[in-house]
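Next up: the structures, one after another.
The two complexes that follow have chain A in common; it is paired with chain B in the first and with chain C in the second.
Up next, the complex of A and B:
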């Protein structure tokens, strides 16, 4: 047992000493998460999400003498708070808006359909506000979607309440004119915005002077999702990179030297495996602490976080060892680092973690990789899911870890027991 | 007294090579035993079998009576091993390397630190013990490589060509160390392809070629095998195929081996055969540009037994 620890701690010392380890395991994920999130408009930099240019296409045809509800939507976006964040540009039609998006003029377009007023005014009618967005930008549509959802919610509430309010006003002899109506819709929607919490918290970022130190939930969430993707990628990467030391030591003769010492083969392997595991534990702890300090990410409940960490490091260790056990020597490891890690990471959705609603086949491919399950588990933990909800991805990951580990162990045992 | 090593019928075959092809020998406790043979003779493979790196296809070896097959941990604990290729962690310091390997040999705590200090002294690296091995010269790395095998004060040290590729001074240092350790009672198994090393160090020498021990004994016993033969080394300036053919026919010449321009032959009485050699060379218009006559030594023995020169 002592020898197992001697081997593992020696490996850990070697890992920590290498610049490569520090670079690839700790600096790279934090740096990339930072770059991505600022590119998407996160971090402390509130100006990054101000002045998002949105094309506004109002095709609304008001019914009877009702006001133009598209106009009301426009008005809502002009209210303080939203105005600083989002600038609506009137555009004649959808084609022009799409054009503008393609030319990077707008980040997204908000389309008010022709039957929008009708839908709001009449019982049993539905119409949808549509958002067209640039797939390369992923935070803008999310923010826009969040706002628009509350606007739409506001309209839904208005639809129920306004006729009653108008009736009541008329009964009392008041004048229920168009102006009164618009004002009412506007107030209801903005009230609905506030009560939903999404938009209000967004305002704090826009006006940091008013709400200093408070962290923006929506943006925060996006940074944490990006960080989770990066972290999983680099933990798996480090798992493979530290497992590579088995092949390296085979070539430098230090492994053979261990085999001629009075140490069992299984203890030597256990020491090497443990070395990988401990390295990943250190890596993930540092990443969790640093990311919560730098990005204010709240990593969720400790119990669930521990489960997520356990599942991640065991599966990353198993996967790394498994991949290395398939290779003959270190000259072949380029395939793993250049290819397998990136491809499985991509299929696992690590680089597209902020995009919801991936096509169906992508969701299936995701479930074939340990990274995909790890991403799901971590996203659930971040979202505050229950133990019951995280049970499935947790068990799948642990199962994968066991399978990978057994194959790797079998292959290495056989490889080193008989030459 | 119990024998340090008994090798019995050891065989190790690779796909197309019989690396070790039936080897038996005994090393008595307290002696320096050398395996002498050219590159590819099978020395390293024998060491790997004896130290339990991999099992033999046939046979067994006993380290102080412990079968390397049946009681590998016991047998391994009694040996210190110096591999032919330097096997160190370059990113760790000499001290860190020694401490790690000491732990694998069961040393812990204060005794470990004390032994590390002693070994650092022994290999002359106390002053640079905290420097990373990657910064060391080849000779210094060799010394650390050897020092690791001494940590647990083994009764037997197995050294596989410990002086390959280093400067004469480091080589001298290592050989003196081997002799000093042996004086303190350590049994040494030493492999080399330098006959001078084997000659200087060994109480007992086994000469190997192509996976087999072709002769074994003390230096004096081995030299006696060749009888009164001199080894003659010549350089022939021209393509000497025909010359060589004629030389082989000269009375008193036994073995002739050629490596490019360098010819080595054995002659019962070199004074008597030299005129014939020159005459024949003249017949074919070949010029002998250098000549050296050696008293019988291990090189002569090797040539006598295998028909080949023991070259670097």
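Up next, the complex of A and C:
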């Protein structure tokens, strides 16, 4: 037993002293999570979408004494809630706006046509607010379209109010006078301003847990999911990289020296396996603690978290040893680290965990890799699933770990028995 | 000059022979491009999703008058399916998320009307972090918002009439209101103000390729794997130093600058060749419109290769062993790819991230490629990003030369 621990602690020390280990096991996943966290506004009060630069071209020609309705559109975009999201830049004409979009100065342009006031004021007239956008953008045009449509609906509904009121008044035998019109105009103005609000008072929106969703909570969830993906990828990577010491020692002859000592092959392999296991425990503990401190990730109930950690570590160790048992020497390991790890990670959905509506084939492919099952297990733990729900991915991962471990053990025993 | 090309040729042969190089330079980027392209295509293609997401409508035992109207309105959008559940079966509507395959749960209070002002609002339970959840949220919010506009417009018209010619009773007012609301519903199909969406792409250009699902993934993966591919090339530099072959070369009439230039040139040629293969694959295999401005694309490739070459040489002279090259390359890849908008578009990122990221070399490459393939702009559109890339290349080469000159190994 002492020999097993001696071999394990030697491998562990070697790993921890290596800059490569520290970089790949700890710095890389944290760096990626930090990048994503900063990218999506995690950790501070800023929203993911803010200050979208929009060129505003007001070509509106007011009708007689009516106000410039293009100006009213501009003012609606200056109201609280919208001005933080969208910054309008007055631009003289459409050509300049398009030029600004091409130069990536603006994400899109909102063009108010010359007949806008006429369409708002005069019966039978219609007009179109045009949004011209950068085809390389996908989110900002959608946001601008949603807001502009609400503003346009406000004008359309206000205009509709006049014939509705007139018709009803006439039906009841009444006569429209100056006072009636002026009151109607007051109501139209108030209606336009109210309609610019996106939310509706008839609907309360809650999250599936029945609580009010906060934007920061949602960002936090996205960061947690990304962090889980990165952690699983790099834990599997470290599992394989640490297992490489078997091949390295075989090449440098130190393994042969161990075999001539009064140590059984089984003990040497057990020591090596234990070394990988302890290395992964340290890696995952550091990542869990740092990510909860830096990114405020709530890792869920401790009991379920321990189960997820056990399943991840055993499956990553088993998979790493299994891969190394298939290789002849360290010259082949580059392909395993670069190719097999990346491809299985990719198929396991580690790089696409935030994408929804995945094609059906991806769900099938995910189930073929240990990384896919690990991702499912960790996502369930993060979502606060019950023990019953996490039982299946936990059992599958442990089963896979046993199978990988048995194959690796069998191959290494046979390989070293010949020596 | 001959010595220089000998070293270049040796480096190229050494790289081409390595299976790792083939894996990182060509196989992986093509594989990833296909993978992400399929995913984005699948995610965007409605047919690929076997069924539309389902919204659960939870209603009380008392008849909810607008149930059928609301169900029709949701189904008309074509985005969602609807299933109706009794509130008595699900006192806690959140249970539906576990027991049924639903994306959102909409609970309607008893006697809920769009036209009633003082009433308990409906409750929508939805996961806003998922795209399906967002679709459900926006669809239902839009329906409610439209109904509310019609209601408030009709009500405002009625109030104006009531002030001018008061109704005799609430019943009369309500009956008239129902009629006005019905007329408003009819008129709503012909709105006075509508909104149109147009891309900046001029109508003269062939915009056939605009919708390619690979327009983001192809240049994105090209950027990622060009950066990661330099690890194989930079390793050669480190191996020469570690195995002392560089010191042997220095005992010949080969100068330090010749060695540095030769390694830079070999990196440049390999990266240019890699990018040309990836661009051609992107064009012919994935339908990305790279070749509509071949000269502009070539210029971006050259500038990108110069910058990546500069970074490779810097890594080669800085790293002490192969492991460090791998580590530095991967960190560089993660950093410049994420900041460059190769994995996700920068438009949805936070202000600080965007302000920094848009000036990074990766972002300049993406901008150069996307100006041609997505924005359909001309040759001159790549000059600014290319100029920035040249500047970055100069900076990296200067740093590499200074370190190499100091290094007296």
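The working rule: the second predicted complex is superposed on the first by the 246 of 419 C-alpha atoms of A that agree within 3 Å, B and C clash if a C-alpha of one lies under 4 Å from a C-alpha of the other, contacts with A are read in each partner's own complex, and residues count from 1 in each chain.
The rule is short, and it goes like this: a residue touches a chain if its C-beta (ideal position, glycine included) is under 8 Å from a C-beta of that chain, and two chains touch if they have at least 3 such contacts.
None of these values were measured; they are calculated from a predicted model.
Undergrad: Could you let me know whether more residues of chain A are touched by chain B or by chain C?
TA: Looking at chain B versus chain C, the one contacting more residues of chain A is C.
Undergrad: Once chain A of both complexes is superposed, is A:260 in touch with chain B (first), chain C (second), both, or neither?
TA: After superposing on A, A:260 lies in contact with chain B but is clear of chain C.
Undergrad: Looking at the overlay, does A:2 come into contact with chain B only (first), chain C only (second), both, or neither?
TA: So A:2 only meets chain B here.
Undergrad: By the touch definition at the top of the document, which applies to A:164: first (chain B), second (chain C), both, or neither?
TA: second
Undergrad: Per the contact definition in the header, classify A:415: touching chain B only (first), chain C only (second), both, or neither.
TA: A:415 sits against neither chain B nor chain C.
Undergrad: With the two structures laid over each other on chain A, which partner does A:18 touch: chain B (first), chain C (second), both, or neither?
TA: both
Undergrad: Should A:148 be classified as contacting the first partner (chain B), the second (chain C), both, or neither?
TA: second
Undergrad: Of all the chain A residues, which ones make contact with chain B and with chain C?
TA: The answer is residues 18 of chain A.
Undergrad: For the complex, which residues does chain B have touching chain A?
TA: Those residues of chain B that touch chain A are 48, 51-55, 72-74, 76-77, 79, 81, 83, 85-89, 91-92, 96, 100-101, 103-106, 108, 148.
Undergrad: Given the complex with chain B, which residues does chain A contribute to the contact?
TA: Against chain B, the touching part of chain A is residues 2-3, 6-7, 10, 13-14, 17-18, 252-254, 256-264, 418-419.
Undergrad: Touching chain A in the complex: which residues of chain C?
TA: 19-20, 23-24, 27-28, 31-32, 35-36, 38-43, 48-50, 92, 94, 97, 105, 114, 119, 121-132, 137-138, 140-141, 144-150, 152-154, 156-161, 163-165, 176, 179-180, 183-184, 187-188, 190-201, 210, 323-324, 326-327, 330-331, 334-335, 338-339, 344-345, 347-353, 357-358, 367, 370, 374-377, 381
Undergrad: In their complex, what parts of chain A are in touch with chain C?
TA: 18-20, 23-24, 27-28, 31-32, 35-36, 38-41, 44, 46-51, 98, 101-102, 104, 107, 116, 119-120, 125-141, 145-146, 148-150, 152-161, 163-165, 167-169, 172-174, 176, 179-180, 183-184, 187-188, 190-191, 194-195, 198-210, 213, 218, 221-222, 334-335, 338-339, 342-343, 346, 352, 355-360, 362
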